[in-house]
Amino acid sequence: MVLMVIGGLLTTLAFFMAFYTARVQGFGTIVSEVPLDTSFALAPPNLQPTDGIAYERPWLSQKIFYFHVPVAEASFLVFSIAALFAVLFLLRKDKKYDTRSRIAMETAFVFVVATMITGVLWTRASWGVWWDWEPRLTTYFIMMVLMVAYFVVRNSVGDEERAATYAAVFCIIAWVDAPLSFIITRLIPSSHPVVFRSGMDTTNLIPFIIAQLGMLMIGYAIYVLRATEEDMRERLDILKEGLEDY
Amino acid sequence: MTPSQSTESIPTDVLALDVHDLSRTFGVRKALDKVSFELAQHQFLSIFGPNGAGKTTLLRVLATLTPPSAGSDVKVLGYDVVKDAFALREHIGLISHNPLLYPDLTADENLQFFAQLYGIPSSKERIDELLDAVELTHRKLDIVRTFSRGMTQRLSLARTLLSSPELIFLDEPYSGLDPHASDILDSLIEGIRDKHTFVMVSHDLEHGLEMCSHALILARGKVVLFEERASLDTEAFRSTYRDTVGLGVS
Amino acid sequence: MASAKRQISSFEQFKAILRKDIVMELRTKEMLTSMGLYAVLVLIIYYVALSQAGQGFDVSRIAGGLLLLAIVFTSMLGLNRSLVHEQDQGCLEALLLSPVDRPVIFFGKAVGNLIFLILVQIFVVPLFYFIFLSGSGAQSGPWWMLALALLVGSIGIAGIGTFLATMSVNTTGKDFILAIMFIPLIFPLLLVIVAALTAVITADPGYVQTYWTMLGIALGYDAIMIAVAFALYEFILGA
């Protein structure tokens, strides 16, 4: 609970820092020589589009960056944890690993959805379209579908243990698949510009790191909360089971 | 992948079933809870119990289809069901309420297929011999889909005997059989009963008691009763069974 | 009933599983007819979809994608069928009870599915070409390059599909569950195969280079995913 609050505070802090102290800098396809302060302002003329793509609100696309990237990174990290617990479950067949893997998947799913939302806003602001089959967005879209599939598979198997096993197996193969789909979407011939990154200023790096930390804490807090809940439910089940004997 | 190996017959003094603290749990659900018993070879064990007592799970663990939980020590014909599962599979067979046969293959093709899986030498002669024993020689080249339930079950027996298993599991073998067909199956099993060990799961109390040499009642994953048929008081057995069934219903 | 020496060989078992599937299919022709007809239906829908595209529309740009799409949808039909056969009468249990290594079952079923998929393609691909591409005047590359790309794609489809279908047959709503697992997982493979197919069909300058790169990636994907499926198959069967 405390972590949730701290995480929330940190991301909010990063949010304000992003608007007030960070400067627009060369991310994405925009490269600017002079750092500019653009907080709550329209894009300066020298950042206006020159190559036909509409950069209506470069500052917005810049600000979203501080949430989009941390949340995306956190989602993959949590997904990895889910896969790790899935492997443990298959090896030990202990229900507690399955529960953890499932909760981690839930958390990862929340993050992936957040990534999708911020990602869509970003493409709108930065490229002038709502959706673009850009490698990262595509990968996250696929990851989101894979996670939906994970829960669908789980709920479509009657036997509890079999459901857990199938879910674990699917979690692992999906985890292997996700980076492959990222690599491959970048490798196929396409007309999209490859998004590159330049270095970050300290002023920009600080809110970025703070946002990242905040996201991780929120993720961890969601995970812990759900784990406590599941733990309680399990204890209740034990009590119920005990009552049935008599 | 697999080293080619030949089947060695199992010494008669090895226990057919040597089960110690067999548990199978998932979370709070205990399908099997510290089940322990022993059974010598060439015996006939009947396992009784209400629905959800863990009978099928017990059978599946013994037949290497499901692994037991950690800490269980289960040996079948001297083989550990986890570590030696592969070797054990050559010595066991299963007759289930499901025919376990491909309906679109002929009787002969079905038996050929399983003979190949078990690497049985001179399989043609063996198949003819078995089809003769279950009185299906005249249907050898017919598709199994056209068989009656009783015929399918006889073919199922032939399929199981193909590999001459020392231990045969019977999972509700009578379900869906008419009295005549089930009599035939009985007499076929009776004819080979000295040469194999049988473990049967059944709802049919009368039938199961009649056939068995040992009886076991399972309730909520625990062994309630395990006794030799000879020393069993039928009335006491019935009342125990009624009690456990009542338990399962509540 | 003393048995003589038994020779258990994985390769013989693999052949037995494969032969059994082929004999069964040749007898019922269930999978091949349903897959073939389904593919024809998809082609009809393609015609409807493209009917208003107009004269200047260059079909060859999207032909690779359309072709692969037809194959993916058709394959799902067969994959489910092939595992339902095993599940129906409890035959899978009999297989698991016999001294067969689990990977042998996987490869036996997967190779069987691959063969059926190829047979369907032998019928569908020329038909597709005849209907959509013969009049377009596209100067496509050699046909064996198309065939090779389709083969590499089919290997991945059959391998991953067999793996997933083994799970989906035990779920409620088999077909849908297979689809929702299958499509996102093979998404990357579909992308590269479509890129390779399109490269050959359009035959733009330098297409050979693109083609081989894409094929290499597809092979890498097949290898990784089939290795993972192979490693996890035992867990599915044990559940």
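All chains are identified by letter, namely A, B and C, in their written order; residue positions are counted from 1 within each chain.
Keep this in mind: contacts are C-beta pairs under 8 Å (C-beta built on N, C-alpha and C of every residue); 3 or more make two chains touch, one makes a residue touch a chain.
Keep in mind that what you see is a predicted model, and the values were worked out from it rather than measured.
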| item | value |
| --- | --- |
| Of B-C and A-B, whichever chain pair has more C-beta contact pairs | B-C |
| Distance-maximising chain from subunit A - centres being C-alpha averages | B |
| Separation of mean Cα positions, subunit C and subunit A [Å, integer] | 32 |
| Centre-of-Cα separation between subunit C and subunit B, whole angstrom | 38 |
| Gap in Å, rounded to a whole number, between the CA centres of subunit B and subunit A | 51 |
| Residues of subunit C whose C-beta touches two or more other chains | 238 |
| Touching two or more other chains - residues of subunit B | 67 |
| Shared interface positions of subunit A, touching two or more other chains | 161 |
| Interfacial residue positions of subunit B with respect to subunit A in the complex | 26-29, 67, 69-70, 220, 250 |
| Contacting residues of subunit C [partner subunit B, same complex] | 1-10, 12-13, 15-16, 19-20, 23-24, 27-28, 85, 88-91, 93-101, 103-104, 238 |
| Partner subunit A, residues of subunit C touching it in the complex | 163, 167, 170-173, 177, 180-181, 183-185, 187-188, 191-192, 195, 199, 210, 213-214, 217, 221, 224-225, 228-229, 232, 235-236, 238-239 |
| In the complex, subunit B residues that touch subunit C | 1-2, 4-7, 9, 63-67, 86-87, 89-90, 92-94, 96, 98-105, 109, 113-114, 116-122, 143, 159, 161, 163-164, 195 |
| Complex interface listing, subunit A residues touching subunit B | 92-93, 95, 160-161, 164, 234, 237-238, 241, 244-245 |
